[in-house]
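Here you go, one structure.
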């Protein structure tokens, strides 16, 4: 096996597709949003990407069948533009691994005709959110006007530490390749998997890519989380600690 | 030295051998089970695998003689099928190392005619076990019927985090190579080296590979552990903490 | 992308330039000092260095535009010698990464005619500083006399643990390449970003490289930090703990 | 710079030299012992080994001059056999690094005619030592008789965790190359730099390699440590904790 191995599953013809990335991160906002696109629209698995920088692990499906961890590209047809949606359960395990994976992801996307992309994620606020704002970052200031029209906020030097992981590199390396790249970050507490933040991000994407989503099942998911939040607030009132990352892994 | 170095110790002719892997992991279930096969059957060391991803370490034998850490393949003749048993004291030290080692292990096994394999391990339950169930995972749903006939359980999305390490990759990469691979995971508390869980796993293997084992010496080992468990329960009743991994290293 | 990628932004003609390095480190002394040179003098960005050993990250500027993390070389014209100033927000993420980056930095500098260099940094004292001394280390004992004339101190076996990171390697590898290299380390508590220590280092540099700086805006910065120090001392008097590295990241 | 770079400083003719290794480790026993050989006998620096797996660091000598961290080989003439003494301040920073460095060390030694070696180190007992025993490990059981005659002890499966680091690999890889390799491990508390344990190890080496050492200055060092031990025992009697590794770094 090479360090990164790309498996071609299907080779559909896409018309000016846009890459939409949603890998695990803060509040699993990007991952929830990207997976919701796959659930709601017709989609076709087109590429699997295996990498020795992913954890040495298989996932087990509902049938007990093992599958090597990988990232996946799905082609998604919408009323608006064609999407190429990148999802997965893992980021790379090292600095260099992140760079090499992102390069591969961009190679695949460009090979399928992608010239612009949206990286989806969350930005942690440290407190439970009342109103879900979406922060933006872009590779070219000209991209901002359309996003600001959809209430995406560009705040000076935010997020403070920059954007980390594949989302960040899709912008950083994408820019060096001359792609138009946008990062949409839903505000989220950072403590919980956050379907409401994912919805806020998707609503921006709907507007700028000109498709429409029904949020019913995402709402169901959000209501489940509300209950969890309610219980946590109760626990806090009784003096207990915030849940740790490990706790949340199970809630997620 | 190359990153991985394979030393050919013997070159026996095996008839349709099946690979059985038992490297260190939860409760040392896989390692105990695989080593028990070597103790109970006639076996011949056929390959040593050295890797710069193993700890930089020698083990010292009862004579004071040092040996570089390695993984070993033994050929084992049983009344049923020929076995190729993979054991060792270490896993790799990095994500990529796990992938590369597993590739080498599969290269060796395929080179000796292996077309199917069993990865043995434990699955932690967090509590002391009364009845030892064995969980399964496979690379092909067709493999399940024979295992279920031996009471191997396939539970939806279990183990939750997937299967990590060489056992997991033997399935993940094995599947990509077209091998039939099964992981047998004995339930175990996760706190102690668990010969009873190893026995549960071996009993499944006996049935599916059609050989017979005498469990006397494994029973002796289990009784020793029972005593340890008894002492720990006593300690717990007196309010002491569960032993740490480091404590168990010495018990193991 | 290669492991290290050098982007040529401009190709000015420099006359016997001297390399001045100020990457993040203790008290951010070197980084503050190097960046102050860029603020106070006319400077031109000449090289960007990208590396897969840097964090997988983009920084976001005041316009919301993302830029891949990199180190930068600026050409700086002074009344004295031409400077080539190396700055950035990150060091490498591994031992080998530090070595490879430093090699690249020296390749670039030598390619632009550099034969001598100053690595700027801080040396932690563990207590708030009254009088700011500057410690020196050199690649050749002959370099000491001029520095001692500017009150740079050479103390037996100090700093005790040697010099770590790019600054250290610029001396270590620079020496092996036959360059004259000096490390100037301003004493600093190690608890805070320290503009006063940066000034002490710059004053030595002024004298040995024969240029002049106005310290007004650095003084402003120092006064802000004084206030922070004042608050911390107050907190300490009330029994609170010293701020952690993470606290300081925000102060910095 | 390559991953490992070997600098030839001198090329003396050695007659059947034996490699003696003393890199940092438990109680700094091996390092103290090897450095004592360099102090007491006439020695000549013959090789420096630089590696990108060493810390990215320079050490500063008493003159303020920086030197890139490296391992060094010295040729040492004794009344008995010629020695090639390997010393340094660091081990490698990764598993693979340890393997690659050890290969280089053996390449150098074999290139200079070495066919047998002694790796010196300490074995931690966890308590202050009254009588200093020396444990042994060998690559060939035939090597034991001569060592046992000098009271070197071979205890079943000790040290329990095997031997880690360059010392271990010199035996493990050395054995695979057909070299005769011995590890001499002085018992030491593990809490302090231990010149007495170093002396115990050197006394074995004296006997087997047929040279003589005067231990006066090592005794001075040991007396200084006795005072430290006395103070620590006093502190313990007053309920204080054992010193940490960091504390000891300064004591060492």
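For reference, chains read A, B, C and D in written order, and residue numbers begin at 1 within each chain.
Going forward, contacts are C-beta pairs under 8 Å (C-beta built on N, C-alpha and C of every residue); 3 or more make two chains touch, one makes a residue touch a chain.
Everything numeric here is computed off the predicted structure, so don't read it as measured data.
Each chain gets a centre from the mean of its Cα atoms; for subunit B and subunit C, those two points are 52 Å apart.
Distance between subunit B and subunit D, defined via averaged C-alpha coordinates, is recorded as 37 Å.
Taken residue by residue, subunit B touches two or more other chains at 94, whereas all remaining positions touch fewer.
Interchain contacts close the chains into one ring where each touches exactly two others, per the touch definition above. Under the touch rule stated earlier, the contacting chain pairs are A-B, A-C, B-D, C-D. Note for the complex: subunit D touches subunit C at residues 1, 3, 50, 52-69, 93-94, 97, 250. Residues 92, 94-96, 98-100, 102-103, 136-141, 144, 154-166, 168-169, 171-173, 175-176, 181, 183 of subunit A are the ones that touch subunit C when the two sit in their complex.
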